[in-house]
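Everything on this sheet refers to the single structure shown next.
To keep things simple, chains are lettered A, B, C and D as they appear, and every chain counts its residues starting from 1.
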Amino acid sequence: MTIFLFAFIRSLRRKSTLVAMFVLPLAIVFIRTLWTLENGRGFLFYGMIIMFAAFSLVRSIMIDRMTGTVVRIFAAPVATFQYLFQNLLAFWLIIGVQTIVFVVIGSALYGWGIEMAVRLILSYNIFAVASLAFSLAWNSMFRSKVMSDAIFSIIISLMALLGGIFIPISMLPDFLRKIGMLFPTYWLSNSLLFIQDKEWNGQYWLSILIMFLFSAAFLLYGSKRRLE
Amino acid sequence: MGKSMSLHEKIFIVYRMMGMLLLYILWTKTGSDVAGLFLLLSLLILMLFRWRFPKLKWTLIIDQLVVISISFLWGNSQYILALGVFEAAYLGCPLFALPSVFYTVLYNPEGFLFLLLTQSAFAGIALWGWSKQQESAFRNMDEERRRYYETESLKQELLAANVQMVRMVELSERSRIAREIHDDAGHEIVAAYMSLQTVQALFETDAVEAEEMFCEAIERLGSGICKIREAVHNLTPLTEIGVAALHRLSDRFSHCPINFTVYGDTSKVSAYLWVILEACLKEALTNVMRHADAKIVRATLDITPCIVRLCVENDGVRKNSYFTAGLGLRNLQQRAAAVGGNISTSIAESFRLVCVLPIL
Amino acid sequence: MIAGMQNVVKRFGNVQALDHVSFAIHEGEILGLLGPNGAGKTTVIRTLAGLIKADSGEITLLGKKQDVNNIRLKQHLGLVTQEVTVFEELTAEENLRYFGGLYGVKGDKLRQRVKETLEFVGLSEHAKKVPGKFSGGMQRRLNIACALVHSPKFLIMDEPTVGIDPQSRSYILESVKRLTMEGTTLLYTSNYMEEVQAIASRIVIMDQGKVIASGTLDELVSRIQHEETIRITVSNPSVALAERFRAIQGVKTVMHNGADYTIVSGAGSDNLNRVLMVAQQRGSVSNIVADKPTLEDVFLTLTGKKLRDEEAGV
Amino acid sequence: MTRNLFWVSFFHYLRRLSRGYLGILIFVALPLVIVWVLSFVYSQNTEEQIYVFGYNMISTNISIGMMLIFQLSGGIYLLNYLNHDLIKPMKWRLKASPCATYTLVFSGTAACLVFTVLQGILIVVGTSLLQDAYWGNVWIVIFVIVLVSIISQFLNITLFLYIRNVNTAEYISWFLSWAMAVLGGLIFTLPDNAFFSFMKQYGTPFSLAQSAIRESGFLGTSSTNMLVCIAALLGIAGILAVLVIKLGRRKLI
């Protein structure tokens, strides 16, 4: 469990992560207008914060690869699977704790109710896994931090655009919606929509399932062993 | 760091990507919302799964079962069965395409789907044939390479045996010379020596006989010297070997001025080393001619108690930037390795060859 | 034998990184692996540590066959990488705890080993600092310490002293010597021949992916050196004296600079006495030195190249 | 001598800027795509009249906002150059050159300014050609773009000199420009009270610029308003300039 423990410690040492983790959510959770039912953008903004947090957490795996530390780690009796699994688990735990804190504060302020809170936590956590897996796959494609960041900022803008952050997904025309469906953000939006409408039907579970499938695909791609 | 992909693998991947893209377009144009996405995602996951674990080919059946079940929700999805058939054919396990075949026969026996599946099957088979052909070509290449390595090691052994042989020949020749000198010249000289001893004793008593014997002794000595001369003459090889051969090579080199210097005692170097050194010099000079605009070539032969070292270098600039160890050089390197030596070349600024061989 | 390679071949595309490399490392020794940049040292280390697969040949480690999937075997192996590969966010102590933990060292044992290792590399006072605050030499020492926490039987060091100050360098070399006294076997690569000459008990010289010579320092030097250099300083130098030196049997070149003469002659010519005699006939001699041959000379003899290009002024 | 070095360094910076294709992609292509998608979607989901005098009002709104957001983030270029040339890898090499540090900083700023202004104009041209966006008086618009760009450059230098960590400074820079956009009412509708409506009109450089551009054409009500906005922008730029000079004296040279 050494890798798990230190992945935890390392993440908490980085300032950018801490800001993304704790300052931003607290900053938005107290802005009342974001959480009214007719203007529920706050839920989605929080999703974007999770996405950024996941990206900056997974960055440490890429840094290990670029600095050559991964050579050292694989020279130790550690399997690739163990290394990735324990790292991602630690990251997920950090985000998980944050979502719980966030939802608890939100419930206290805006009276979300137990069932909605549980569903929110589930949605956000599965989205966190998808974001972590996406970041892993993303970072495995690049060898330069600058390049990775620059293109990521484009992709995330498109995700925000088509995933319901700027425009509610119900307003999207069909062909844009079908592009949007290729991003996990769309499905987070979708699930949140049905939570806000207090409609506990199949659509909610479907969104969860699709996010899960996205995670599986990204993980399969991103978990290939790379030394350089 | 992985193995580079061969062309048919690339075509395989592109074909599948095209299939997925077409399915996606079909979905955006026609399809039911989520069933299509679910299908796309599952196919992608299974594809990635087989990329990570290439041995689990049977997962192809899952692919097709997913497609078939979705096709009841979204009819158009059945066309993507073509991809499964294609992959099964390419991977060389046509049995895994059976679900598609059954589905087509049961639900859509003479429609467009049938045509599509047949086409994909043919495409897959063609690609499979290609991959098999290439595989066998690779196997042949491997076999060739293995044989090449075997030949190479055999050559190493032969070269080692050769060295052994040269030493044996040297020894037997040495003993033959010893015998010849001992038997012929030695005999005469010993006889002369004995005669002279007798002469010494006879000087006081019998001067006449002493003179007679003295003459005889001189004659015998003369004959002995003659025999030695003969033996030495017979021993001198007709072609030059040793340092003389190297000198001759450098003298004949007309491409540019050459400066050949020798340090140390050349007599310590055995004949079989001279052969290698000569070949080295020849090879180096050829390379200088071919690869460099040399103004002057320096060749140095150093002989120390333990090693003999030949260094050939030119001061000129190289002509063409790339240089690979040619067959001649590789051969030489093996011959040097067989006697425990080493040849190294560099072309950093000028051409340089260094050959170091141990003296036993 | 604690580790070894037998006819190992490794190709990257068309580049033959290792060409039938064979050598053995015996228990308790320091094997110096010497060669210019690009000779294949790092590839040797990576195949030996099971990080990449060799194309053919056999690699043995602690009596077992080494392989990419042989995770257990890595337990007894330590690797000091060429770059400083420690975590920026973690303090020195935490870095050591991390790498100790990767090798399965736990609890009190781990605490004790971390303390010992920090002391060993002289970083005890800086245990709570992050590596970013360290000097180059201290970072290097931490880099080494990270491979020592699990007390490996066999330690591989890949150019551990690149780009650091002489003081840290000699500190590191001292620690390496102490390690062998404690029973660790070492494979030490470098392209600083002085280092290898100073600490290695046996030396393997590589060039262009091949092993071109191996043996102890004395063996290599006495067998392979091809020139002897004598430096002499006389009271009344002259051009004629240089001519007299040049006339001595076996002398190759004589360089004359003021009162100093440098006389290069073939190996085994034993010219020291003769040079001295010739010089004394023409006046008094204030200094005479026979240059001790080095590994650099051995390498030069074998390949005609210098070990490091930057020394040749490129 | 100094003037010569300034031009050498200026053109050198311009050359480096023009080589970064990704930057052009992010600062020109991305806003165009976003404006296109957003105005497409909103045009389909609204009952109000979209076209006024042949101009698309929805894309006009979105275009002005997007152009200003990306202008305000344009200083990130300069941030990276300052970090690379004056703090991290190139520091000693450039400080050893006879080119004074302030010459380097000013030429870099000028080059980034020219480059981001060009990008802004490209967005203006692109949106008015492709999306029928209305930009009012062209000269006023260009003047506002220059002012916003100057503010952005100075803001980024200030941030960088204070924080001295390029990553954090970059995050804060992005955050500030998006925060201004939020206060300008671009991202979501703000509550209707005095504070927010002031912020929306005059509160930030973003809203000042937005108002100035809107007031310059038939969307506005009075040209006095526009002049007030421009004067305020000039004032902000002046204050930042003083700050930059003071900080730069202390921390750079």
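In this text, contacts are C-beta pairs under 8 Å (C-beta built on N, C-alpha and C of every residue); 3 or more make two chains touch, one makes a residue touch a chain.
The structure presented is a predicted model; accordingly, all values stated were derived computationally and were not measured.
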- Message: Treat touching chains as neighbours: how many steps, at the fewest, connect chain C to chain D?
- Response: 2
- Using C-alpha atoms only, the most centrally placed chain is C
- When A-D is set beside A-C, which has more C-beta pairs in contact? A-C
- The distance between the C-alpha centres of chain B and chain C, rounded to whole Å, is 30
- Task: Averaged over CA atoms, how far is the centre of chain B from the centre of chain D? Could you give it in whole Å?
- Result: 64
- Item | Inter-centroid spacing, chain C versus chain A (mean Cα positions, whole Å) | 48
- Note the residues in chain B that touch 2 or more other chains, in rising order. 1
- Contacts with 2+ other chains: residues of chain C: 52
- Task: Going through chain A residue by residue, note those that touch at least 2 other chains and give them in order.
- Result: 227
- Chain touch graph shape: choose line, ring, star, complete or other and state it. other
- Item | Complete list of chain pairs which touch one another | A-B, A-C, A-D, B-C
- Item | chain A - residues contacting chain D, complex | 15-16, 19, 33-34, 39, 41, 147, 150-151, 153-154, 157-158, 161-162, 166-167, 171-173, 176
- Item | Residues on chain C engaged by chain B in the complex (per definition of touch) | 12-13, 52, 207-208, 212-213, 222-227, 250, 252, 265-269, 301-305, 309, 314
- Note on the structure: As the complex stands, chain D meets chain A at residues 22-23, 25-26, 30, 33-34, 37-38, 40-42, 44-45, 167-168, 171, 187-191
- Contact footprint of chain C on chain A as seen in their complex: 1-3, 5-6, 9-10, 13-14, 60, 67-69, 71-79, 227
- Message: Which stretch or stretches of chain B touch chain C in the complex?
- Response: 1, 4, 261, 263-264, 302-307, 309, 311, 313, 342, 344, 346, 348, 352-354, 356, 358
